[in-house]
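One structure is given below, encoded as structure tokens.
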Amino acid sequence: MADLQAELDRIDAEIRAAEDWGEVAAYIPELARVPKRQFAIAVATADGALCAAGEAGQSFSLQSVTKVFALAIALGRSGDQLWARVGREPSGSAFNSIIQLEHEGGRPRNPFINAGAIVVTDEILAGREPRHALSEIVQFVRAAAGDEDIHINRAVAQSETRHGHRNFSLAHFLASCENLKNPPEKTLGTYFHQCAIEMTARQLALAGRFLIGPPAGPRLISTQRIRRLNALMLTCGHYDGSGDFAYRVGIPAKSGVGGGILGIVPGVASVAVWSPGLNRYGNSKLGTEALERLARAMDWSVF
Amino acid sequence: MADLQAELDRIDAEIRAAEDWGEVAAYIPELARVPKRQFAIAVATADGALCAAGEAGQSFSLQSVTKVFALAIALGRSGDQLWARVGREPSGSAFNSIIQLEHEGGRPRNPFINAGAIVVTDEILAGREPRHALSEIVQFVRAAAGDEDIHINRAVAQSETRHGHRNFSLAHFLASCENLKNPPEKTLGTYFHQCAIEMTARQLALAGRFLIGPPAGPRLISTQRIRRLNALMLTCGHYDGSGDFAYRVGIPAKSGVGGGILGIVPGVASVAVWSPGLNRYGNSKLGTEALERLARAMDWSVF
Amino acid sequence: MADLQAELDRIDAEIRAAEDWGEVAAYIPELARVPKRQFAIAVATADGALCAAGEAGQSFSLQSVTKVFALAIALGRSGDQLWARVGREPSGSAFNSIIQLEHEGGRPRNPFINAGAIVVTDEILAGREPRHALSEIVQFVRAAAGDEDIHINRAVAQSETRHGHRNFSLAHFLASCENLKNPPEKTLGTYFHQCAIEMTARQLALAGRFLIGPPAGPRLISTQRIRRLNALMLTCGHYDGSGDFAYRVGIPAKSGVGGGILGIVPGVASVAVWSPGLNRYGNSKLGTEALERLARAMDWSVF
Amino acid sequence: MADLQAELDRIDAEIRAAEDWGEVAAYIPELARVPKRQFAIAVATADGALCAAGEAGQSFSLQSVTKVFALAIALGRSGDQLWARVGREPSGSAFNSIIQLEHEGGRPRNPFINAGAIVVTDEILAGREPRHALSEIVQFVRAAAGDEDIHINRAVAQSETRHGHRNFSLAHFLASCENLKNPPEKTLGTYFHQCAIEMTARQLALAGRFLIGPPAGPRLISTQRIRRLNALMLTCGHYDGSGDFAYRVGIPAKSGVGGGILGIVPGVASVAVWSPGLNRYGNSKLGTEALERLARAMDWSVF
């Protein structure tokens, strides 16, 4: 893996020379104060290696990257019944759009836009107390990463609860369409805490290994389910920038507004990048660029 | 390839036992009269083999499958300048929707919905007479298939011209937004004739080989462009059923209202299926099912 | 006014012969249990007469009819500054649609759709405790009706609070666009109680007199403001059924989901009708029909 | 009528002092070259007087003002059956929007947006040759004005045919929904020529008298139909600026992109204003202002 490490170092050096680091998410005060000139990249390979460069030991807020773990859990709990409540199609709209919801009677287009992810968390919650659902989610992530030192940042969760009017709007809309099984406040409380899980790039690359699939990779879920999660990440993982990401980078990936992206090279590796400045779609600007460079250099593409 | 041939025969037998063959496209009289209980499957592998089953020697109307060839030609002529006129994102809407066009000032979401494909054909036309552009398109397809016996069905083209009000609506809308370089009638005349190209499943599988990419496959276009075309097919190739197709089948593919689908297994094979009955998204019902069975049996998935 | 009384009696008799009484609003349990075979009509004329027929002494929930009084109060408090927060155009959408809100950055189209009415109540609330704002609203209505015996039905208000997910969705959306000055819960608490004001048809006809305008009518507000409120009622008073109502009935009017409608014949009379069964736009089915009959019989039309 | 004439002179003087005359419609070359610093106002009263000020003898292109006459003719030919093809609701969208059409299966919201007006003209055409339908329309207008010297400007019609891609898009969309009885080219040919009727403000005020209604006014159509046309003008006559116009001016009126507006004061007068510069809704900027001043000065309001 000497080549891979050299490549990560090279990308880290190039990225740091960037002039435009994008803009940090401003809608939550706790995220808005993260310094934007930070970058990390980490790769966990199917054969067990781990390489990293940049601030790969610095924790960041996973935010929407957690939607991948939550979806894996919800599918494990409910199987294909989940799809009665949420679709599997790219939305063609912004991550927090409510228009599609009204047009389609309260069934979100896919589990990676906010409305769909709220439904997924609601499915996991299933009448329990939020702390039980959160415990299940955190345990899953820790098991995937093989690391017990992964936690929820409660200050971030509370900051989102106070400023998350758009998500409250989505949740109440779902409730008005009878597509929420728990009270909106409980589902959102769980959702905001789930989004506030923190990890380092190193931990995230390790946690992503369960999606590498055959011939290697740990077996938390079946091969068929791995492929389906990867398909959803490729078609829906970057909101209304998913097509462009597939075109430029060519691997399944899920971004978060905290600046992290988890990418999967099927059969080969799990990649985590992090840089808190975002592009206009709400995806990490330099993280996307780093993934594009890495994929090209390693000839990693599913296509 | 004994295994592959046996697999195709098995799929052919299973598909023929289907009760529901979908519904043939009704909006063009020439397509509406095609008998729907027909099925063909053909695979051209990277190492030069060709296997087929069913009515693989029966010609059918390619329709939107031609959008893949047209896009390859337009990118060859204009390069990335094409993307100023058309996007690369899944649309989240029906293949013939005009709503997105008005919301986004006349720039179609991607080259595989009708509005986007009209722009692509308009780019190829480039001020020439339609027959010159059509000649270029047919030559490209023939070269890809290695078969001079591929033609346009003029009766189908004329039938579409007479009944294609929705496409005329899209083209005039594009013109009103100054996103059409040629008169709408000329661009549409070219577009309808392009869509009326006919092939057999065998010819289509051969014609698709140029998208197989490394390590094998003929080199009509660069590896990077192959990957990008495949990325677009995966995210946008089945209109508002693209996400579901990626989830269920897991390979890049482009469908046509004539019942054909071209699927690509990168590095491995080009697959053509055909069955004229459509599902509710306008994609071949049994063709999709056959591709899903084949992909699972051969363990073909990009994920 | 003998003629008018005879006319009301005749309409009352005709309406009671109806077979289809529409459907009572089902989304709030407290409204759903109102028996639908009830009808009342009352007219207060500019010259001081009051005529009525049917169950004109039966109280009903005003619901959206209160939006007229709230708008008059908000314009009195804030003047034209209110229009920075809400538009004056028919919406072309359902009363509880959220789509327009996302398309237009959180500024509701008009003060009579739910989102717009929430903004109006928020403007009246103005940082005060809900009970102070509610007291102002109830006092205004009592003064207009000349009747201190008008109250809020708290059971209805609480029922709406528990089942009003769609309004919570709208309010949080407004908050996310920074078009709410008070916490969503406070504004909605005020709004739900305002909507739960109860009156009889007789009281409502009297309360509507302040909108009759010159040459007669009490002078709670200026002639110019009366005309503007009437203009808004005519263009926006029946949601996406406003055009049809203007076409068929031809007078300014505002409906409520409790089955009441307040209509104004400028310079002549204030009319209240009530029948709890609704048509597909959410307006009283037989109330609308009664107004149409009355307007035709009395030759009352603004056109 | 000395007061009225004095009022018109005063308004003419005030309007001419305006700094911002709006912008002339640019999408048709023939309209784009009209000098914008022109203004006319004319009033025909129920008792037979005619007063005017400004360039009231200057001809201008009626454009969408003709939709009022066409609707009167179509209702005379087809009665309420027309409403199966077109609605009676304000659209909440721009005059040339196609979005509503796709959402609602090709039935335009009302007869005064472009799509609806194309349906109305199509109803008048009814399988005839365009010149016969046009002859009927021109005869109706001449009879209403009592003036044989009213004509179609063929250069304007041809200019629109060449540049009217948006209208072609609407017409083909209607055809694709089977809501066009004649070939799109024929219906549009008729429509463009209808819109190209020219009049002076004086002629237009006279032509509008048939909508004044009781107690006076000529009787081309029934009182009920007059009221209904006025209701439609009030709710839909200014596209997505109709609510604002009703709020500010308070009388039924229909505007045209040529800068003309026909306003009706029921029972009292017909008013024509003209100034070619438009506001952002596509309605005459100073024409609207002149109508607002006149209505206030004369205390003319339906409310």
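List of remarks:
We call the chains A, B, C and D, going by the order they appear; numbering starts again at 1 in every chain.
Here is the rule we go by: a contact is a pair of C-beta atoms (placed from the backbone, for glycine too) under 8 Å apart; a residue touches a chain by one contact, two chains touch by 3 or more.
Just so we're clear, the structure is a prediction, and the values are computed from it rather than from any experiment.
Comparing the residue numbers each copy contributes, subunit B and subunit D share more than half of them at their mutual interface.
Comparing mean CA positions across the assembly, the chain most remote from subunit A is D. In whole angstrom, the spacing between the mean C-alpha positions of subunit A and subunit B is 32. Centre-to-centre, using mean CA coordinates, subunit B is 47 Å away from subunit D. Here the CA centre of subunit B is 55 Å from the CA centre of subunit C. For subunit B, no residue reaches two or more other chains under the stated contact definition. Working note: touching chain pairs come out as A-B, A-C, B-D, C-D.
Taken together, the subunit B residues at the contact with subunit D in this complex read 97-99, 102-103, 165-166, 168-173, 175-176, 184. Residues 87-93, 100, 109-110, 213, 226-228, 230-232, 234-236, 240-244, 246-247, 250, 252, 266, 301-303 of subunit D are the ones that touch subunit C when the two sit in their complex.
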